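Below are structures written as structure tokens.
You will see two complexes here that share subunit A, one where it goes with subunit B and one where it goes with subunit C.
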Partner chain A sequence: MRRVAITHVAQSSGAESRESLMDFTYQINREILDKAGLKREDVGCIIAGSADIFHSGLSCANAFDWDGIGAFLKEGSRAEESAMSFIYGCMRILSGHYDTVLVTALVKGSENPDNDPITSFYGDPFYLRPVGINESVVAAMQMRQYMERYKVTEEQCAKVAVKNLANALFNPYADRKRRVSLKDVMSSERVYDPLKALECAPKSDGVVSVLLASESRAKKLTKKPVWFAGYGCSMDHFNPGDRDLLNGQLKTAAAAAYKMAGVRDPKKKIDVAEVCEPYAFQELLWCEQLGFCGEGGGGKLIDSGATQMDGALPVNPSGGVLATNPYPARGLYRIAEAALQIKGEAGEHQVGKKVKTALAHSTHGFGGQCHSVVILSA
Partner chain B sequence: MGKAVAIIGTGQTKHGRRSDVCYPDLVKEAVSAALMDAGITLKDIDGVVLGTMPSMMEGVSSTHFYFAEAMGAVGKPVMKVETCGSTGQSIGHCGFFWVASGMADIVLVVGSEKMSEGDGQATMTTVFDPFFQRTFAAGAPGVFTMQSMEWMYRFKIPEEKGREAAAMISVSNHDNAMDNPYAHIRTRVTMDDVKNARVITYPVRLLDVCPASDGACAVVFASERTAKKICKKPAWIKGLGFRGEEFFYGESDKAIWMSATEAAKEAYQQAGIRNPMKQLDVAELYNPFTYQEMIFYECFGFCPRGEAPDYVLKGAFKKGGQLPCCPSGGTLCTNPIGATGLIRLAEAALQVTGKAGARQVEGAKLALSHAMGGVDQFNAVTILGSKL
Partner chain C sequence: MSKEEYRIVKGQVMVPYELALGRTWSEFYDYLKEEKIMGKKCGKCSRVLVPPRSFCPRCFEDMDEWVEVSQEGVVETWVYVNMPFFAQEIKIPFISAQIRLDGSDTGFIHQVAGIDLSDFDSVRETVKLGGRVKAVWSKEKKGNILDIAYFEPVK
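Right after this comes the complex of A and B.
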């Protein structure tokens, strides 16, 4: 099998941008090409990551995106979720048809309605939507179930927000920058009981680009290629009532990714993880399902300090989605951050230990209906 | 370069107004048909690719969630790929690359649309930006009419001649649809019917325009090894190309239409096609508008620029002509948008495998399939062959 590497990454801040969506996109695309010393013409193929429901009131997101991502008269496509865009880019190189692929994901949350009314449209119009469902509502039910079944406490869940927002203070691209105490999180407004405001991700702007290259091209383009080592993705049942919200498809996705990457013991092998946690407790639940601790052990995991920046398995040193949530682009942000950690170029939020293998995770849909896991290695 | 990939099964719904089924059931109908055609079960599928039109048209956003069960994707990896009208071809391309990458052996590709439950024209108006273009956008016909006029003016095509040729295209597509049991509009029309039909956006009349259909299509892609093992007559993917141009309509030349020209050029190069008119046996074009079909003939090198009406009037693209186009009745008679590009691919596969029934072009070995999307912005081409 051919190999694929991430050679360069570029990302925007998650804070509200004053640029138009097209200029906003163009700037990051320009930045990554400049970093790689390439012209748009040199890139084999371009894949966008954007979703029309998160797209400033424009349908057919790819139509508007095409100029900004530099794809004029170039081979390309678009996937609706950015981890999928990344995988599609890898497929294009693995097929042997392309040597370089530029993957760019984009959104201006500041031009969109709030995420909750948007995600209510994931629900079908007949059974789910009329009851007022949205992603936060399902997350609240999931959190209640999680606490009841495993005796994980509300404080343990809130600790994730304290940790991630503290990490975000060291990330120049983070959106929500505020040091918060456990008391701040616990006393923030209960938006959907038991979920509190500071446990829910904000709505951010964000453009992120990743340049992919085949083995021979990658070695010419950079001294520090980050290799694509494994991938898994799995889709769950549509109706949240048809599934066990605490036993979804993440285990299936992770198992596939670990198998492809030859990871036997993730707890030992993974040096750092960027996990998609739009709700604080979900980081604990996802960590369990990724095999970082046993079933129901998420509460103890955060208490142990293992997932802190200087812990044995740092999780979300960038501040994660709780700090920066450019919804359809957030998966590619996780992948870009994981790559930076391996390159040793994460700046002030570079973890203390040497990173050889990193995990990036993305999820979207009610209670994590779809999960993607990507393993990168040095 | 790269591994060979084949289509080993296709499935379509009966297209039209399908108030008898809900949207996920429509998807399931196509998926079941494709699996049966390929002689496999859901267990054999390694991954699923889905594409539809945007949320506003679907009434549900991110349809890969809604169709999880219908497309048999529970517990499997999914790709959601969308490029407006060209979605159907783009998801086919994704299926190809997934298998060609070696990360999957068999991939199911699904495209669907239930247009009777949405407002297609209103949705397409929201593809335009809200500040400069949307105020004068008039859905799809407005755009395609501007393009048709630009083309006729550029190449000094007399209006009468353009009208005559477009009417012939409508008549032959409607005739072809009579042979296609899946087609939405199945009525014969005469030249006079077309020329006297109600004006939609001048010079485009009702019978120059596609219907809004409910329908779904599914196609199964497999690696060379598997295709040879389990499929008697696979359709091989010989070449594919996708190109897009500027977002703002006025910034590009729609009479020459670089995205269509370049997408075909790329696909031809991969497939080793130098003279498409001679080498191709059949073409399934994405032709929602009769006039536009003629622009595609020119962009794809079937005839010199500005001469498409002459070729049409000579009958070059009719059944039995030099290069039969849209023997299925085309998009003009069936248009469930998210599925339409994939239907073109499925029909091309049926042609090169000799499974097209009454609409079969005798001895077809090399076929072109195509889709167009956005505000005249995207074009995708896939070439299929009967031989590896």
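Right after this comes the complex of A and C.
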């Protein structure tokens, strides 16, 4: 099979930008092309990760997006979930049609309503919306079940926010920069009890681009290609009531990605993970389902320190989604951060250990309806 | 240049939609008007889904058999919502819960009310996972999900 590499990465800060979405997008794409020494005309095809209407205030947002990404007069496509735009990009190289593909995800969260009203519109208007559902409501239901079933404590859940926001202090691109103590998190407003305000992700701006290349092209473009090694994705039922909220589709997605990448023991093989945790406790639950610890072991995992920046399996050295949440772009941010860790170019949030294999995860929908897992290797 | 010198356009968009409920949802709401909570049973996997679907999403087969389920059930999980959000008409605070109605195989999402919501900790003592609740009906029926006003703990 042909191989695909990430050769270059560029990302904006998650903080509010005063530029228009189009200019904001252009600046990062200009940056990545300059880094790679390429002109727009040199890139084979372009894939966007962006969201319509609710996240942008623009209908058919890809029509507006193409100019800033540099995609006009080219083949282009778009996915609303940016981890999926990444896999589309890989496929255009794997199929032999292109040697380079630029994948860009973009959003200006600062310009649109809060996440809760936006995610309430995931719900259908006949049933779920009138009874007051949104992503935070389902997450809080999931958290209560998680604590009850596995005796994970509220403090253990809160520790994820303490860890990730501390990591974010060393990430120049992070949005929420604030050192918080366990007490700060525990005493923050109980917005969706048992969820507290500091356990919920903010709403961020963000443009992130990765340049993909075929093996031969990648070796010419960079000394440190990061190889695409595995991918898995799985979708659960729409209605949260049809599912076991603690046993969703992440295990299925991870198993597919691990099989493709030849990862037999993820706990040993994965050197660092960038996990999508819009709610603090979800990092613990996702770590279990990714095989980093046993079922119900998420609380002990955070207590052990293994997922700290200098631990055996650092999770979210970038600060994760709790620090920076450019909603539809956050999956590609995880992939870009995982690639930077392999390249050794993560700067002050580079983990202590040598990184050969990294995992990036993305999720969207109520309580993790959809999960994508990407494995990258040196 | 200061941020204020970059201009911002404020916008609000209101566009009308008309979404079809289809036959199964329409019938479900007609039953609610009669104070009956109906599910549909899958002929293949035998699960009873509430709300009902016209097809079983797992088996991907038509579902034809209507089954009345109990108006009582067990709280599978719940949240105390203390955050107002745009377009949400239920006044905070409220409790959103996933309830397994007796005779059904799915979680039914609705409110738990009829209790004192003034204090978090006392609510945690009243509403429990595994606790039993029963439907309280709205006096005036509109043929929608809020014909069930809420569920209240069974004493």
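As a working rule, the second predicted complex is superposed on the first by the 375 of 378 C-alpha atoms of A that agree within 3 Å, B and C clash if a C-alpha of one lies under 4 Å from a C-alpha of the other, contacts with A are read in each partner's own complex, and residues count from 1 in each chain.
Criterion: a contact is a pair of C-beta atoms (placed from the backbone, for glycine too) under 8 Å apart; a residue touches a chain by one contact, two chains touch by 3 or more.
Note that this is a predicted model, so its numbers are computed, not measured.
Student: When the two structures are laid over each other on chain A, which of subunit B and subunit C touches more residues of subunit A?
Tutor: Subunit A has more residues touched by B than by the other partner.
Student: Looking at A:Pro125 after the superposition, I want to know if it touches subunit B, subunit C, both of them or none. Which is it: first, second, both, neither?
Tutor: both
Student: Does the superposition put A:Asn134 against subunit B (first), subunit C (second), both, or neither?
Tutor: A:Asn134 sits against subunit C, while subunit B stays out of touch.
Student: Determine, under the contact definition given at the top, whether A:His237 touches first (subunit B), second (subunit C), both, or neither.
Tutor: Touch status of A:His237: both partners.
Student: Touching A:Val210 in the superposition: subunit B (first), subunit C (second), both, neither?
Tutor: A:Val210 contacts neither subunit B nor subunit C.
Student: Looking at A:Leu359, would you say it contacts subunit B, subunit C, both, or neither? Reply first, second, both or neither.
Tutor: Once the two structures are laid over each other on A, A:Leu359 reaches no partner at all.
Student: For A:Val275, using the defined touch cut-off, is the partner it touches subunit B, subunit C, both, or neither? Pick first, second, both or neither.
Tutor: neither
Student: Report for A:Cys370: first if it touches subunit B alone, second if subunit C alone, otherwise both or neither.
Tutor: A:Cys370 sits against subunit B, while subunit C stays out of touch.
Student: Is A:Gly57 touching the first partner subunit B, the second partner subunit C, both, or neither of them?
Tutor: A:Gly57 sits against subunit B and subunit C alike.
Student: With the two complexes superposed on chain A, say which partner A:Glu80 touches: subunit B (first), subunit C (second), both, or neither.
Tutor: First partner only.
Student: Shared contact residues on subunit A for subunit B and subunit C?
Tutor: 57, 125, 237
Student: Going by the contact rule set out above, which residues of subunit B touch subunit A in the complex?
Tutor: Those in contact with subunit A are residues 1-3, 48, 53-57, 59-62, 64-69, 73-84, 90, 93-94, 96-98, 100-103, 123-124, 126-127, 129-130, 241-247, 258-259, 262, 266, 373-375, 377-378.
Student: Which residues of subunit A touch subunit B in their complex?
Tutor: Of all residues in subunit A, those touching subunit B are 1, 22, 51-53, 57-64, 66-67, 71-81, 84, 87-88, 90-97, 118, 121-125, 231-238, 249, 252-253, 256, 364-366, 369-370, 372.
Student: Over in the complex, which subunit A residues touch subunit C? Could you list them?
Tutor: Interface residues on subunit A, with respect to subunit C: 18-19, 57, 113-114, 116-117, 120, 125-128, 130-134, 136-137, 140-142, 144-145, 148, 189-195, 237, 239-242, 245.
Student: Going by the contact rule set out above, which residues of subunit C touch subunit A in the complex?
Tutor: Those residues of subunit C that touch subunit A are 3, 6, 11, 13, 19, 21, 25, 49, 51, 57, 76-83, 85-90, 94, 96-98, 106-111, 120, 123-124, 129, 144-146.
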